[in-house]
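Order of writing sets the chain letters: A, B, C and D. Residues in each chain are counted from 1.
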Amino acid sequence: MKMHAKNRNVAIIGIGQTSFSSHKEDQNQVEMVQEAVINALADAGLKIGDIDCIVHGNMELFEMQFAPDLWHSLGTGAYGKDEYRITTGGTTGATLVCAADNLVASGLYGTVLAIGMEKLQEGNTTGGITNMADPLWFRNLQTGALTGTTAQEMIDEFGEERAKRAAMRYRIMMDKHAMLNPRAHRRFGLEYSQMEDLMANSPPLVGELRLIHMCSQSDGACAMIFTSEEKVKQGTKNPPVWIRDHIQVHREETIPNLFGFNKPEMTHHCAARTLFARNGIQDPVAYFDVFEMYDPSAWWAVDWLREFFLLTGDEHLRMLEAGDFDLDGTIPINPSGGVIASNPIGATAMLRPAEAALQIRGDAGGHQIKKEVRHALASGFGGTFWTVLMILEKELNWQEVNHD
Amino acid sequence: MTMQEDHKDCFVLEGKMALPNQYFAGRLGSRFLIAIRDRKKIMGLKCNQCGKTFVPPREYCEKCWTKIADNWVELGTEGELVNFTVVRYGDRHLPKKPPYILGQIRLDGADTPLVHIVEGIDPREVESGIRVKAVFAAKTTNTIMDIDHFEPV
Amino acid sequence: MATKRVAICAVAQHKNDSDLWHKRFQGMLLDVLEELQAQTGFTFDEETGVNTIVSCSDDFFDARTISDNGVADVLGAQYRGEEKMAQEGLNAVGYAQAVILSGYADLVLVMGHCKESQSESRRIIANMGFDPFYGRAVGLDNLNAAALQARAYMKKAGLTEEHLAGIVVRARQFAARNPYANAREIVEAGKVIASPQLCDPIRQLHAYPVSDGAVGMLLASEERAAEFTDRPVWIAGFANCMDSYFLGDRDLTANFALKQAAGRAYRKAGIADPRKEIDLVEVMDAYAYQQPLWIEGLGLCGDGEGARFLDQGGQEKYRVNLSGGMLAGNPVIIAGLYRAAEAALQLKGEAGERQVPDLHRAVAHSTTGAAGQFHSVLILER
Amino acid sequence: MTEYFGTTVADIFATMPKRFKPEEAKEVDIAIGYEATGEGGGKWKATIKHGTLKVETVDGDLTGCKTTIHTDAETFVGVTLGKIGALDALSSQKLRVAGDPKFLMLLLPKIFTPYAAPEKKPVAVTARDIITTIAERFRPEKAEGVAMTIGYDLTGEGGGRWTIVIRDGKCAVRGGLADPLTVKMTMEAKTYTGMMVGTIEAVTAFTSGMVKIEGDMAAAGATAKFFRKYVVPGATEAEELISLRVTNAIEQRFATGPVMGRWFAGLREKKFLANRCPKCGRTQIPPREICAWCRVRVHEFVEVGPKGVVTHFDIVYFASPDPLTGAVRDTPYATAYVVFDGSTEREAVTMDLKKEDIPRLKEGARVRPVWAEVTTGSYRDLIGVALDEQEESL
């Protein structure tokens, strides 16, 4: 999939998050959304009147709130403004970033605020996910989106001990990152010394997928503000972070697709291969300084690192084992703690570029990577293995790369 | 698209989409609803910037983008019916059996009319401008229906 | 350098029907997709074909979490980019324009579907669009909210039962010429006035019938449009606008959001005086009273002059809803997308029996939410 | 006992019999062991049998318990009160379940009403304590131009007689009843304290005759606004946060269309009808309108199976309850990904595997369909698949 020259460059100039938690009884949906919007405006040093357009997204059937942007407009600040509501399931948050990028790049809007939210406590998450299945056929067979097939494939490929240790090492690494992020939902204080215990005793869900491996169910919202290069030149409160390119790869629904093992080429690999090729990135591991990956489970995360970085064989396991993905490693993964720590679904995929942008700015606080972050990768995941992948940059220095 | 299709294998599968939910009114909404439930009082929120008093509650005046969450004002439990319709169709989501009057009631002290049900007057005789008062519900639902309906003063 | 203009190259409509019991969404969309491909010969080639699809559907109406997932194959989205406009479909056209202007794509497929007949009641779904404590609890839905607006507006504009009946009678007359319309039977004014009150002052025949349908469009950059059509229709402007959520916060007859949206769209299109520069209008009239109300909002007559607009032949002057409008039946999620499709067909000169001559510029309008909380305006040019 | 979130572990067990719903537990026969470690912890055993409940503390081992729950006391209280997510606690291993964790998630909410922390015991406040704070709670801006004397005759324990004098924007409290009084209110001292701390509704007290008023009735009603609300010293009132539980249900009519309709018609005849892409030859099961890869309409149906091979499988240990019925499948159960004979590579379909066959399930296993007794042309026709013994024995 080719891309033509972007009409104009687009920067992230504001980021606002709520904290993430299993319960927010003291806020209704609007108030939770508004908290993120106000934080983003404060971060950008803007007033609501500076925003030209709002882009909203979440998943209707979790909260069972039809066209929720209409009510949420009280908190998004959409009154009197242009507004779009765009959704793609789990990838929604990342799709909103793509949409905001498109809207600003098009020249139709100057400054756009995107908001992703979910209040999973208000709904039934598993029921909502089961509702994804075809009502004629699969809905009676399916419970949520759990599978142990990836674990089994990794065990088959790398041996039981090594595969299980890899998944648990990733899981504990995520918790260590989450412990540094005060907004994260699940912060357990796990230690690598607990690896054996967790591998044996964490309640099994499906096959070798255990409760400890799975992502959380959270309440929370994330808002981001985007503007054009022309506006950035007039000055921004915080350093701008540039959206260099983004790509979306969807696929048909089948149950094997939902669980990802029906490859010829995994969507993640297709997205990464195409995106890196058209941006002239030969060696993604060397190029990127951080990767915020949508990691719904530790098993999937480990498996997907191979796909996203276009690695082969056990390269990804060797890197994991060598600590390359740690916060002080060569290419840190999810300094925020990732989806395993915090998962307000409609905001989850937006948190990836949001956290990646904070790393580039050097504003991530306790979970800031120590070395300079110039190039960041962020991914979203949803549907039947749908992928969004985007490249964020500290400087506008990729222009010499030939696009078209 | 005039393709003639064979319908012999087509049928309709009866089903249902149903999910349990638990909604939270939030701290502000809870104070508003508890005032109705426990104290039979209807509270509004006033924006000091534009001077308007709003009901139902919201944290911000969206036009001024000013926080009004703590600026409670007690409204009257009476007001003026400023607009109405007569609901004559039946549907599961409706709180009353048709026909009934659904109105917009501007409570004394409020700038924004509240949508609620009006009873105690024949739908053929109702007209805008009449004074109505809140009749509080005997059984609480922790919603705006803790005002059961309004009726002419 | 990215393109400066975006064209609608082709449109395809599925016939609207009150109960497409024999078809599921996939079948409806595939019909639309095949017709678009037949018209234009576009492909999904990675280099030269469609790589981005903007779909439009709704999880509630489809009763499926991620409604676009179930139809990804018939959208052509296999290993391609796809984004779902989870609003009324006219916004999908506006957004698709931005995707092309941004430089990310030079071809975008817009595909919308909705079957109102699948759910037991579209009003129950509308009720779930309100907040749980103040709106849902009191039974608000799109019909009773519209009825509140109708009463206020009829009083302000001097709109009578006869006016409303006239709007419905005319809509059916045009619908009879539109092979894609749902309610195509001619009705007499007397029958409209005698039809039972649903929610005063809205009568049964003032409301659009339950409808199922699907719409597709191919949009292209200025540079590529000629590959797919020799009669492109250009997007001259698009804008939308959000009004306050609570009904009580709004003046239901003031058209705040529509005036804002129309003003911004006109500015983008370089329209100084819409009354002089617009030749055809398709408005989303779910209920008869809305047609003149939205006409006021579009600035084609003054505030409160909707009845006079009707009396003075405004509908014919501005060729309002020659398709029969939403009153002839479109599903709510894509009723505006149908408006855009019909406006585009007229500008292309492909509107069949309902074609009128001498068209240069058309407006397509849509609205979402209770009593028009949100409005969208698309300006198309030949 | 050590309190967590204002509650002790012992409180929770003590209220168990009161919260038990025998009618929901008629079919239940189980002993659940609880071990809460740390301060305020201990061991308990709850035996539920045919609608009866026995709760006891245990000193030694939790033997004879089908399911045991191990946790620290704080987590136990937190999860019970909903302050800590049960899934979070399970994930972090702060809460461990030996046996089937589904009892935590499903059974317990069904047979017990939720634990509610007891109302805080009212702090012992006397009428005198409250009366003496009146002058400092006075709001002169609300009493402009007001001149009145209010007498309180508070009877019973902790009672007494006081007069409040409001004049010239000032307020004073004096012992005894002055004469004349604008209004005199007589009530039990505990009624007065109840009204002031909010446990007795003032309107109720006035209308029910708990308060006797002599003199100016209107003045009695007006006095409240002259004073700020009385706050019990050191009280941190937990504010009630309202929630609304509702099941949102919408009836649906799902159309099969001709393609899925054909599939169901096949099931009625106990046949698997896939459809074959005219371009790539891929067989789709269940069939779809289009081949997503080739983007062409698929017309041709071919019969595949009835036997097939398992390419992957999932053994599920943790079934989520059906959100509406609460019904939960027995675990473990297995979902097999089956490629039917005659299908193209990788065109797997998910099928339930017969429970007894789970121990022998492996990749590459051959399976046969298990049909319902009567097939009607719906998804219910196919119960699942079973290992194919015939081929196993070969």
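Definition applied: a residue touches a chain if its C-beta (ideal position, glycine included) is under 8 Å from a C-beta of that chain, and two chains touch if they have at least 3 such contacts.
Nothing here was measured: the structure is a model prediction, and the numbers come from that model.
Common neighbours of subunit A and subunit C under the contact rule above are B, D. The most centrally placed chain, judged by C-alpha centroids, is A. Comparing mean CA positions across the assembly, the chain most remote from subunit C is D.
Highest C-beta contact pair count among chain pairs: A-C. Taking each chain's centre as the average of its CA atoms, subunit A and subunit D sit 29 Å apart. In terms of their C-alpha centroids, the spacing between subunit C and subunit D amounts to 42 Å.
Multi-chain contact residues of subunit C (touching two or more other chains) are listed as 21-24, 60, 63, 72-73, 78, 120-121, 124-125, 128, 132-133, 135, 244.
Across the assembly, subunit A contributes residues 25-26, 28, 30, 61, 64, 73-74, 79, 124, 127-128, 131, 134-136, 251-252 that each touch 2 or more other chains. Counting partners per residue, subunit D has 241-244, 246, 248, 250-258, 260, 288, 292, 323-324 as the residues that reach two or more other chains.
Judged by the touch criterion defined above, the protein chains are all mutually in contact, each touching every other. Against subunit A, in their complex, subunit D makes its touches with residues 82, 84-85, 87-88, 90-94, 96-97, 101, 241, 243, 248, 252, 254, 256, 260, 286, 288, 292, 312-320, 322-324, 329, 335, 337, 346, 348-352, 379. Residues 12, 14-15, 21-23, 31-32, 35, 63, 120-121, 123-124, 127-128, 132-141, 143-144, 147-148, 150-152, 196-202, 244, 246-249, 252 of subunit C touch subunit B in their complex. Of all residues in subunit C, those touching subunit A in their complex are 1-2, 24, 46-47, 51-52, 58-60, 63-66, 68-70, 72-73, 77-87, 91, 94-95, 97-106, 125-126, 128-131, 133, 135, 238-245, 256-257, 260-261, 264, 268, 368-370, 373-374. Only residues 201, 203, 239-258, 261-262, 264-265, 323-324, 377-378 of subunit D touch subunit B when the two sit together in their complex. Chain contact summary for the complex, subunit B toward subunit D: residues 5-7, 9-27, 29-31, 33-34, 38-40, 141-143.
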